[in-house]
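Two complexes are shown next, each including subunit A; its partner changes from subunit B in the first to subunit C in the second.
Right, the complex of A and B next:
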């Protein structure tokens, strides 16, 4: 496009905010692009004074980090926005939350310095996942987990946008265990029955190892074949403590950074 | 013995069963519902329940204005419930069959078969196989004759309902014209029938609907054929059924400001914008245009009515583009103050306006600049429709070459670099020469553009659609151009564009082959015998015929050969054959208001290239609609203006309230 945008450049960003949100229930079936559209419309409905990029097609300044795959729920999604007018983070949290569809919930917004804040994406080093396996008994799951952890590497393949990729699903797994308390029932379907719950901690690498890759690995190496579709939820993502395997709150360093 | 109103039905949500399938399908979000501004009502608190269907994929169906309007109009009634259902893709269809999951609504995931009415809106005939798919998955018998009290009444609406004969066996009723009042009238009839104990069964209900004169019930009409295959007559087969069924016309658009709360899907859809219909109807009189002919007369929404809908809709949706919708939006009597008022109002909010379907002659660059002041500039699209001056007279598209060049020049001078031109191929009386003129026109556009901009960096895209003759137009009698002839003509045009190295790179050329047009032609002007073809195509796996990756011409032709083997007619008979004035057309008993003699005269005028003016600014030319339907033109100007609003800022005050206190 040869045409130059008319008028003055958009006002600069005066405030940077980080947002912690959840993708729950039915809306776990939204893709990341679906979320982006819903979020940007919610910003407009809530009349959030966004900072815009300059140019022919101005875009509101939003950076997304590490979105959970389509079909998985998440209690721990993060993004960052830049505003052209400063807002109170809690007021803003409420306004955006109300404007988003139910099941997309804004949990917290914290302010960070406009310049020089350490990158949020760099802090998202690992994720904690819960995998509910309706129809799978504790022992069966434990056996497969044992076999998986004992293997030095577990090669799995998945169709990606760039074709079939094969990679090791074992290496990035920091922890994998079967929860002690058996589930109180299946996550989907109507039959009561056993429901093992796996807790998985996986390091973020490229290509990403996702919970379904670990499930593929468990099937290959531990003959674990859940009769029903597992329900997968991200419980946390953030900095990884290598020695303990703990994943901490990525916004903790930011709280109280600005204002207050 | 009094029959109880409704048998108890299992309307529990199918979602738990659906949920288990969702991880295994493409774009699962389309089956989930829960769109912003969608409605779920308590089943038991209502007594008439509609399932509304747009028989195409969710991404096409969800932005459809017609369905959105009816959904809201019906749900505003306290005792009425409406939910939406869309066509499921083959991956989902396979899983639904495997797991015994029936066609469901996306709102509360109830089985479609449990509703009182399944209302389908057909924007195109290519949705017919998808209707059969939905009936099949819903467990509703294909043939209306086989349905019982346990099945919904299947009603077709939308433009295709002006000739529903090809689907006459599959539907119970068709409604012509504007739906918003009609659905309420139908709801009242159903409510009364249910309250009276559903006496007389389906037949009685259909009879009550037929007696209103505004609901067509095909089974109450017999069609007789002549030995050569033409229709001899169409007659009611029982007393009390009207000889002709009328279309519905809503008169004051300001009283119907729908959709007030446009649906905002999470999934991506074909229109990522909100639309406000600024007027209905069109009297430009383009002879190929069924939409213009069947929606007469022109009824404008007032400038203030438009302003309110835009404001309300933007607040309810958060869309960043507003489409000012109509058949020819620049023709609104107050389009200039409207676009300027809206552009002023939303200055600095990244909200853009668009005018889909804009005529060349009505367009001016001030308008284009207003439209893009606050947002993005896409290319400009103009529709001269015909390549030569002669053919434009035939189709009554009164645009001269000078008009076009002048407008395009202004566009290029104002900084636009990309212009799209839309034409048709296969128009009545057309020759190769008429179509080759398209290339000449495109070259002139580029030459002029290069002159006024002093730059070679300009482009023009020529898009060509195949002409399909439609019922209730002056071209309803004309033989369609065969697909081989269409393809040959387009190939010549393509060569003409490409051969000139001066222009080859600057002119883009987009067209489709002529085959889908033949199927559309068969379905548009078909009669009841074509129903067998549709069913055979469905049985052979035909679905999503509007999608090139699913459409199969060969499947249609094979099915037609077999299904019509015992009839004196075939696909050519329906498509490429000229009809004469005394032939009974399958839709003659369906009244669009247009006087048949006027249509015939207009067809004769087309052959001599005689133009007809627009009755908005010249005297009535007696097309017949207004006296027949008791309607009149409703157009401004009202002289009102749009005031700036402060509403947007009040939402902003809330988020800003405690910050920014310096």
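Right, the complex of A and C next:
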């Protein structure tokens, strides 16, 4: 007969919340594990009434989805939590944000039905990335991008936890372009200094094609060798519109879902 | 400064005459254009004068282009702050930091006056050049950069080359008669559009309504006229 933990089972989840947060500034160098530790401490500090899993080692019910790699910033990280006691989402957002280190910013929390809400992970179909390449001129970047896009496949290798994997970095790329001028300035297509910025839209596949895989591909096929370490930021992740290549807000369907 | 303006205009002229102009397109998430920015709103008189010239240049350029200098939309950008995102959640702590930085920079800002001294072309737009009357606008720009610190990294400090402008028309598709537009602008290189006094420093996002992308105020700091 299976052993059962002593005592009553943990209280059931009465509220499910989806959280949009950002990893900014120097916190881009934190790993997903670092974030998990900081977040779970913030939950305790903010006295969030978390729902816990049953069993001998109860864990707070937190589901992380599609975390950005270590070393990249992100404006679009998502997770889901379950609570044992209902809370006001905005008050909770403020409390968790104040309990996290600066640059881990909680942007929004939305409520979803406790049962039957479509999976958040299923909505994260693609990401939009900005790759800032100091020391690389616009034309040099544009040539490499042209070569990359013209190739039917670009094989790259990366060491994974299962060993060295070789895969196609071209196939999942929905769009890759040298970015426009910033703000509302004249669309000259040029930057004042040599610092090309690439905008990359990539489909989420297994194994994941990351921005550094695309940079490897650009080096192999377009001889693009940035003299400085590129700064990479995820700008959005969510459902992909295959016809336009647009990536939309994954929480949009959830706003106003509860009680509607 | 004059050399930078002339270079910019020469590049715009060349592009338009060669049919190699740049086009704006409706904003999309992740684009470097049309993200949250800090702008100056013109006083009512200046806004009307800019709108009048915008009407003229729009009529000449033909349909489909964006009359950015129209009433309620015309502005001078101090600094772009981030990539385009949709939506811009009002409770994002980063917006709070932007607002605080703008307020701190505005505290030390003397009234901001400009002379609108003429029109120029760039490869994707027709601009009205705004020459600061005094050092206050450039001090505001530098002060805002300092106050933003790491939150202001999106735009390179040198991007605006010390220039101020109010965009009248963003090109959004092929021009019917590019040569006429070039001639029209060139006869107005020294057009006196009068003075402009900034009435507020605004933190804005941009909304596209099918005809134009216009600033929508997220927070506003009034300025002495």
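By definition in this document, the second predicted complex is superposed on the first by the 242 of 260 C-alpha atoms of A that agree within 3 Å, B and C clash if a C-alpha of one lies under 4 Å from a C-alpha of the other, contacts with A are read in each partner's own complex, and residues count from 1 in each chain.
To be clear about the criterion, contacts are C-beta pairs under 8 Å (C-beta built on N, C-alpha and C of every residue); 3 or more make two chains touch, one makes a residue touch a chain.
Quantities reported herein were computed from a predicted structural model and do not represent experimental measurements.
S.K.: Once the structures are superposed on A, label A:74 by its partner contacts, choosing first (subunit B), second (subunit C), both or neither.
M.R.: neither
S.K.: Kindly classify A:125 by the partners it touches after superposition: subunit B alone (first), subunit C alone (second), both, or neither?
M.R.: Neither partner.
S.K.: Now for A:107: first (subunit B), second (subunit C), both, or neither, which partner does it touch?
M.R.: A:107 sits against subunit C, while subunit B stays out of touch.
S.K.: For A:220, is the partner it touches subunit B (first), subunit C (second), both, or none of the two (neither)?
M.R.: neither
S.K.: What is the contact status of A:179 with respect to subunit B (first) and subunit C (second): first, second, both, or neither?
M.R.: In the superposition, A:179 contacts subunit C only.
S.K.: For A:236, decide between first (touching subunit B), second (touching subunit C), both and neither.
M.R.: In the superposition, A:236 contacts subunit C only.
S.K.: Output the subunit A positions appearing in both contact lists, the one against subunit B and the one against subunit C.
M.R.: Common interface on subunit A, subunit B vs subunit C: 26, 188-189.
S.K.: Contact residues on subunit A for subunit B in the complex?
M.R.: 1-3, 6, 15, 26-27, 29-31, 33-35, 37-38, 40-49, 52, 56-58, 60, 70-71, 85-88, 91-92, 95, 99, 101-103, 188-190, 228-229
S.K.: Which part of subunit C faces subunit A closely enough to touch in the complex?
M.R.: Per the stated touch rule, the residues are 8, 11-12, 22-24, 28-35, 37, 68, 77, 79-80, 83, 85-87, 89, 91-94, 122-125, 127, 150-151, 154-156, 158-161, 167, 170-171, 206, 213.
S.K.: What residues on subunit B touch subunit A, complex-wise?
M.R.: The touching residues are 15-17, 19-20, 22-24, 27-29, 31-36, 264, 266-268, 272, 314-320, 350, 373, 376-377, 415-417, 455, 457, 648-649, 651-652, 654-660.
S.K.: In the complex, go through subunit A and note every residue touching subunit C.
M.R.: Touching subunit C: residues 20, 22, 24-26, 75, 90, 93-94, 97, 105-108, 128-130, 179-189, 191-193, 195, 197, 199, 201, 235-236, 246-249 of subunit A.
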